[in-house]
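Okay, got some structures for you below.
Two complexes come next, and they have one chain in common, subunit A, joined by subunit B in the first and subunit C in the second.
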Partner chain A sequence: MTEQTVETGAKKKPAMLQHEIEAKRLGLYMSLPAQLLLAFIVAFPFLMQVYISLTWWGPLDGTLWTLAYESMNWFGQYGEIFQDGRFWGSIGRTFAILGIAVPIEFLLGLGLAMLFVQKFPGRPIFYSIMLTPMMIVPAVTGLMFFLLFQGTGPINDMLGLPQNYSWLQDINRSMITIIIADVWQWTPLMFLILLAGILGVPEDQLRMASILGAGKWTSFVRIVLPKMKTVMIIALVIRVVESFKIFDTVYIMTRGGPGVATETISLYIYKMTFADLEWSYVAAMGLFILVALSLLAVLGMWQMSAAQKRQKAMMSAES
Partner chain B sequence: MATIELKSLTKQFGQLLAVNSLDLLIPDRKFVALLGPSGCGKTTTMNMIAGIESASDGEILFDGNNVRTLPARQRGVGFVFQNYAIFTHMTVYENLAFGLRSRGMKGPEIEKKVTDMAELMRLTDRLHWPSARLSVNEMQKVAIGRSAVTEPAIFLLDEPLSNLDAAFRAFMRTELKHLQHQFQQTMVYVTHDQIEAMSLADMIAVMNLGVLQQYGTPIEVYNRPNNTFVANFMGSPSMNLLDATIGGGDGSTRIEFPGGGQFEVNDEDLLRRCKSATTGAIKFGARPEDIALEPSGHTGDGVKAKVNFVEPIGPRTIVHLAVGEEIIKVVVPKGSGFELGSDVKAVFPKGKCHIFDAETGNAIGLE
Partner chain C sequence: MYRSWTSHLWRYLLILIAVLIVAYPIVWMGTMAFKPFQEWTTVDGVHWIPEKGTVENFLFLFNGEVESLVVTLDRTIWKPLLASVVTASLGTFIAVVIGTLGSYAVSRFGVGMNLPLSVLQLRLFPPLAVMIPVMVMWAFIGAIDTWWGLSLIYAIVTLPFSFWLMKTFFDEVPVEIEEAALVEGCSRWRVFYRVTLPMVKAGLATTALFVFILNWSDYLLALLLTRKDWVTLPVYMSSLASAMGGQMYGMKAALGLIAAVPPVVFGIMIQKYLVRGLTFGALKQ
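Here is the complex of A and B:
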């Protein structure tokens, strides 16, 4: 026991010098306004959410939020979540959409990026056209696809399908329309990020690879892809996070319907907030998702740093 | 085993003629330096030999086979880039194994070759390091080893030493020569450093503005420059090139400098060259280290001059002389004690003087 304390004591940093303390204090003063602002816009709402989620408080009670403790419920709302089939259903659908749409967007984006690295006639024009969908307001995209997928709309017309062949009102096909709209809108973003990644691969190394006998495919797999790893991770993370929050297109196209066939988690929360007025339950759900996703993120980062540690250990073993 | 032959090789970038109808025969197992200032087309030539730049016109023959249309990966040459182009996302081992793997070699064989090469390049203790963490000197060794391990018959090096620190550069220079003897390769070496070219190469090809100026052994290129460009480019400090006219009559030949200086030519070689001149206006050239400085009373072929400036550079001293309106640089041993402003005589060496056509810059009467 005593030995342990001695050991940890020895590892302690040496005492800070006077000027170091002053420098630290100055930093604190300088960042104080920003910290206060952050406390106001992040910390306060968060704490309030935690507080509300532990109660039954809702708009119909007629009590002030400060008095919400009168209907204290502790972790009752959280228990509810585990039995809420509609919640888990909407989580499942959200993951289904991002699980299908994001890989498609990624592969399409990568393919297009590979294509646009080469020079071909009309490239600048195609380039601008390619990027347009990304700049359209998601609600407008929703409206566009809502119109396209009408029974009497152009898609059925072009595919030669009967007018009563419905997309948006069909339990299975409605999901497909949502995914198509998402792919259409967000492939350009993937394309843009991945193109930047490909252009960042040093020309010399590709030349060297070809001198060393590598064909196009080998160069792609062994030079381009590994060099783009970081960019690809960034692109995927951005799209996964974004599509987890998918709302506008779904709301315009199907309102989560038919039934709950396209109800995503954001849509479910929206309905619970504004239709069912279950505010404390919504607060609990929000927190639950936040904690769950944070755990996933921590797990991912932990794994990455473990890989780095392994590499460092290898280096020190050799030198 | 490979002879490289370039036949009227041409590369055009838009309006710019980077390489202009280059003919060059690089014999098997020789070390040839492509030497010239920046933008002379030496790197472009090298890239065309490697196949990473397509030729606009002409032929590239390896052992008599035209490889001009062959893609780089089928030419089987070794290449070292100026910035090494190390695959920074791989370990040293993977870098060294890359060429073997993409040529379809299998596990144990790769491992043996890579560890042998690592030993040769003294990289064994770095084999499993991420190559991005290596020092510049180590990257250089990886870059050479990575190509050498595939045992190419032709090895191309694009200014491989220019990023190294001075001590390692000197070491690498000898190392490269050793490697070439060991691997028995045909080596082509691009550099703008004439000392590097002189010390390493069996043959030097001097290029300027996309045109081959002279091709020969270092001694040939140094002693018998084809034109004023080569004369000026080889050697440091560079050759003195003075405006002059060939004068004389009544059996004697004189070289006269504008502004007064002149001397009578008694040197047989120079006399012969002067006689083959068709023009009176020439450039007279003599290397600073060949010119002798004598007291002004000395009798011999030389011109009277005044010491204008003295520049000590450690082991030697560069003395600047005013000859009429021209300045001549002369290298003398340190401590030779020539006072500023003193009168001296610059004596031009027998057999080591050059005359060039003042207009075209081409050497006159070169054998």
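Here is the complex of A and C:
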């Protein structure tokens, strides 16, 4: 049932010239609001961010941001980033959360999806239940785990730990609670996408394989996995991109604390924005992250297209 | 026969464990909302089911005071609730209208081919990395802490979803139907408005619900762009603790429950299309 759509772009137009002109014009009008909105939120703010990042400007200066040139700092803020231990620490913690949570989510999601491949009584209901966590407002998820991990909460009670055994206020354990909350909320997303991928594998191929004597494991490794490669990459990319942004649950559960124990990059930027009010430095950090992520994205796409080319070359060599 | 029975048993056992894990936090918060404060902690035993069930937590949120508590609430839940409903709905409306028009232009006329990728880029970056200019701009046009300022940013950040989701629905409508209407002498706009749009009505509703869930779930943007008058439910929730000093577990749980219900209901309604929406149409179910 699942199919990967290839972007085909424009559909074939009727061969009527007058209609074609009319169509072009209407298309222009129809895409105009989206174009304007993008220009409004992408082009102008980007230039503004570059500008502010080159100055010392902050909201307490009492001047408009347009006058920020009066206190030019040039690339000072960018130089600062490389010496900012807290920045790199928060980047490290973000990747630690991402690097632990996403693989767990992936494996659990894949395992769950395998359970749901075949039909069984009650499947639709269990399917809906399994999807619930990802629909819950992330801030509320934060609250749920905040309540669970209180010293006097049910987790300590269940594990038989004393009530002064703290999770959220402990330097090492607070990180674990964040990861647990993330896994709880986003394993369903992996499950959802991976199940769609598995169900998209053509059934006749699997039947053929079993007629030819392939075991379940063999046909999974040889047929299902290769077919699901794209789906798996999509699921992983979505989760990696989203968990890099992690903020809501962390902010509600620990506020980045104790100290900076759970301070991810988003939390660090937030604190610099509202507690330290160093807006020009925040702008520089933001741009730095923007450029770094863009480079990663370009690199990733380049890798993917190279892999695709290799695959095509191999296939044509085989035939 | 025997083998399939045991394999079913294993499946149910594993799924049961998964269901328990899913339910554990939800049930704890859900029952907490109906517990009097004596049962909020496990100091005198765990109370999974409230022993003296009460709706006082809810009453406290809506009325600002209850008999059993000395403390009162100076800001009740009404305004944040209204703020959440208004901004999420308006943001959804704008995103869906603009996304629908834009995606139709791309899907049918090939105009604005830069749109698909550029809207996708909007999702790549952490919002906080690009929020300084937005906050400066919002302050400049007086949009901080207003219903329209928050709605506008919601419309922008969810535009990628409405755009891509609507595009998949338009791509599914056969062009031949539109061509037939064109031959009949309909104008292009009429074809879109009278022929195609009614055909994607279900898709439109799905997109709207999907985008609404995303807007309703936001916490960060409301935290950045509202101060007092138009804080939404999640921001109100996190401010509740700091304002009250003591830990108002029960009230917070009640609030969390109220905030959690709409997206779950809507999400189950459109679960068939979740894959499509979340993968920007790359995968269909």
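Here, the second predicted complex is superposed on the first by the 270 of 319 C-alpha atoms of A that agree within 3 Å, B and C clash if a C-alpha of one lies under 4 Å from a C-alpha of the other, contacts with A are read in each partner's own complex, and residues count from 1 in each chain.
Throughout what follows, contacts are C-beta pairs under 8 Å (C-beta built on N, C-alpha and C of every residue); 3 or more make two chains touch, one makes a residue touch a chain.
Just so it is clear, the structure is predicted and the values come from calculations on it, not from any experiment.
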item: Touching partner for A:L236 - first (subunit B), second (subunit C), both, neither; value: neither
item: Touched partner set for A:F145, first subunit B, second subunit C, both or neither; value: second
item: Contacts of A:S210 with subunit B and subunit C, given as first, second, both or neither; value: first
item: Partner chain in contact with A:I104 - subunit B first, subunit C second, else both or neither; value: neither
item: Subunit A residues touched - subunit C or subunit B, whichever exceeds; value: C
item: Partner chain(s) touched by A:I81 [first = subunit B, second = subunit C, both, neither]; value: neither
item: First, second, both or neither for A:I52, with subunit B first and subunit C second; value: second
item: Partner chain(s) touched by A:T218 [first = subunit B, second = subunit C, both, neither]; value: first
item: Doubly contacted subunit A residues - partners subunit C and subunit B; value: none
item: Parts of subunit A lying in touch with subunit C, wherever the complex brings them together; value: 1-5, 7-14, 16, 19, 22-24, 26-28, 30-31, 33-35, 37-38, 41-42, 44-46, 48-49, 52, 65, 112, 115, 120, 126-141, 143-145, 147-148, 150, 152-154, 156-157, 163, 184, 188-189, 192-193, 196-197, 199-200, 231, 234, 238, 241, 244-245, 247-248, 251-252, 265-266, 269-270, 273, 279, 282-283, 285-287, 289-290, 293-294, 297
item: Contact footprint of subunit A on subunit C as seen in their complex; value: 8, 11-12, 14-15, 18-19, 21-26, 28-29, 32, 41-43, 46, 48, 97-99, 101-102, 104-113, 115-116, 118-119, 121-137, 155-156, 159, 163, 168, 171, 175, 179, 182, 187-189, 192, 213, 216-217, 219-220, 223-224, 234, 237-238, 249, 252-253, 256, 259-260, 263-264, 266-268, 271, 274-275, 278-279, 281-285
item: Of all residues in subunit B, those that touch subunit A in their complex; value: 50-52, 71-79, 81, 83, 85-90, 98-99, 102-103, 125-130, 133, 146-147, 150
item: Contact footprint of subunit B on subunit A as seen in their complex; value: 202, 204-205, 207-215, 218, 222-223, 226-227, 229, 311, 314-315, 318-319
